[in-house]
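For reference, chains read A, B and C in written order, and residue numbers begin at 1 within each chain.
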């Protein structure tokens, strides 16, 4: 494919997603070529231009030797959404998404995401885009001392969301999640009752999570319906988690 | 079965268990019909009158459409014991008990328990009874900065304990548990040496737990023997955990 | 085997390892015969002279009735290395090593290690040696608010390391590890690129760990090469983890 054309297409998609070119970070002088940057949730972005052949098979990298890495202590959803945007906007592919049981004592997951590229500059660009998008997707993560709520929404799911949840490519995608898990059960029920959506996945501590204290429902459908389902669950979730502590607060700015 | 008779039987069992009708909670006005109440351990009690058909199969609800939900961040044992009482005292059944790896940075589990009922008022009553019983069963949970000890005992195990541990129905049941797990190993040995009990289950980080840092032994037998085994382990456990920090303190009031 | 000779050999190995006889601990008067001592990482050392027959099969003790137990809330690597020394220096064998998901809200594991012996005095001696060695092996554990780095090295792997990682007995062994896991991926690549080593194992949140937020690479080879690989990764790791917080600090004193 023509590189100039590719660049142009990527640029348009980036603009559409509201993703600006990341500013120079003050941390680029740490003297480690793999380092790209950091984001909230103790998230770090890295690249390896050419993974050592001793590791490519073990790490399941397939045909790729250049990889981008996004991983954090707190949060899997925001990083997954951010990488979904990054894959849309760059010439890269998703390799794996792993979900450690983490959140630094919280109820949820951390994340480890490998992005494959044939050229390290593509991997780096994808990591930059993902790091920049992470704060947006923490916007509908609400928390208090007792736990957290997470809501995600996109009008058009791409390869990272397909890889993790098996949601239909290019269709609207929604997620409702809460920890303690008991609240998540009610949110799941609220979401599917609020609008005409199709269930994509249901996860609970014993299946589909890494033993996190969460119930997570994902769904697809008409984008208006998906958004409505997410919003209805969000309203109930904030009230329910609030009974166990202070009013849950957004980590940044709600976007849904 | 005659409803009036059923009510009477339930009432007698409730009285026997020392369970009072829960007081009105000040939180019933949050405007979410599913909300029942809260208890220690960041435990929340909820009901869903009629789970959406899109979810009943995924959630493994079987014949039940009304469910009660008890889940918390801290503790699985106290909530399991409390639900065992609730199942005894109401016209409900246990559906599933899931054990997230949680305790908010502690060594143990959180909990997510689904109770099935054909009528939501039964589910609600079960959740109310369970919430009220939770503090009692935190009575023999002891902790300090280094970890925790948990001891449980009942003269007559019911369906929730049978479901989780496969302990004989209607017989006495005891549990000894500690985190860090190393202490639990000694407690398990101490318990079985202290009285003539039969081992029901043994769990350690790699099997029978959700990778919690605990060894958990459960046993059955003559109620006097079971209680003696639990008490002997408790005495040793408080000394051992105390070598890693302050003297372990009960979370409420010891009951065994 | 002649006991006096055995004692002498053990003594020499102990000296070679730089292990002194543990001092009397002030805590031996807690009145629990199983208690041996404590070490950092909320680590406790225990012995059971004769495990109750009701438990030996469930616990997988095989032919052993005397066991030593080392377990902690924080750290698996330091305790594994310490027990590896202890097995070398005593007439004991490794039974099992279990890795709970712990570190008290951190990104890694806790530990539960069973050591088998035919005589409880051997088990006790092994536990004493292990407890004494734990601080040394926390020397290359570095941490800040965002996570941790761990590096281990020995010129001669023994039975505990073989049991956990399947590394060749008697050969040099190295380990590099970081949480958040993303940093560990770069450390793994850095290590294998820095020297001619053979990969022994690669673990990530979804495989080879208990869902910890770590990537862990172990390797074998010429002892100079192994040490060089570990040191190269350590240099990079300290810089990378430092981008997420303060400069990572050693838990005790670096030894590699």
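Here, a contact is a pair of C-beta atoms (placed from the backbone, for glycine too) under 8 Å apart; a residue touches a chain by one contact, two chains touch by 3 or more.
What you see is a predicted model; the values in this text were computed from it and never measured.
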Based on the touch definition given at the start, go ahead and assign the chain network to line, ring, star, complete or other. complete
For subunit A placed onto subunit B, the superposition rotation in degrees, Cα atoms, nearest 5: 120
I'd like the Å distance between the centres of subunit B and subunit C, where a centre is the mean of that chain's Cα atoms. 35
For subunit B, write out the residues touching at least two other chains, lowest number first. 101, 104-105, 211
Residues of subunit B touching subunit A in the complex: 27, 30-32, 34-35, 38, 42-46, 48, 51-52, 54-55, 58-59, 69-73, 96, 98-102, 104-105, 110, 112, 114, 210-211
In their shared complex, at which residues does subunit B touch subunit C? 101, 104-107, 146-147, 179-183, 185-186, 188-189, 192-193, 199, 202, 204-206, 209, 211-215, 217, 236, 239-240, 242-245
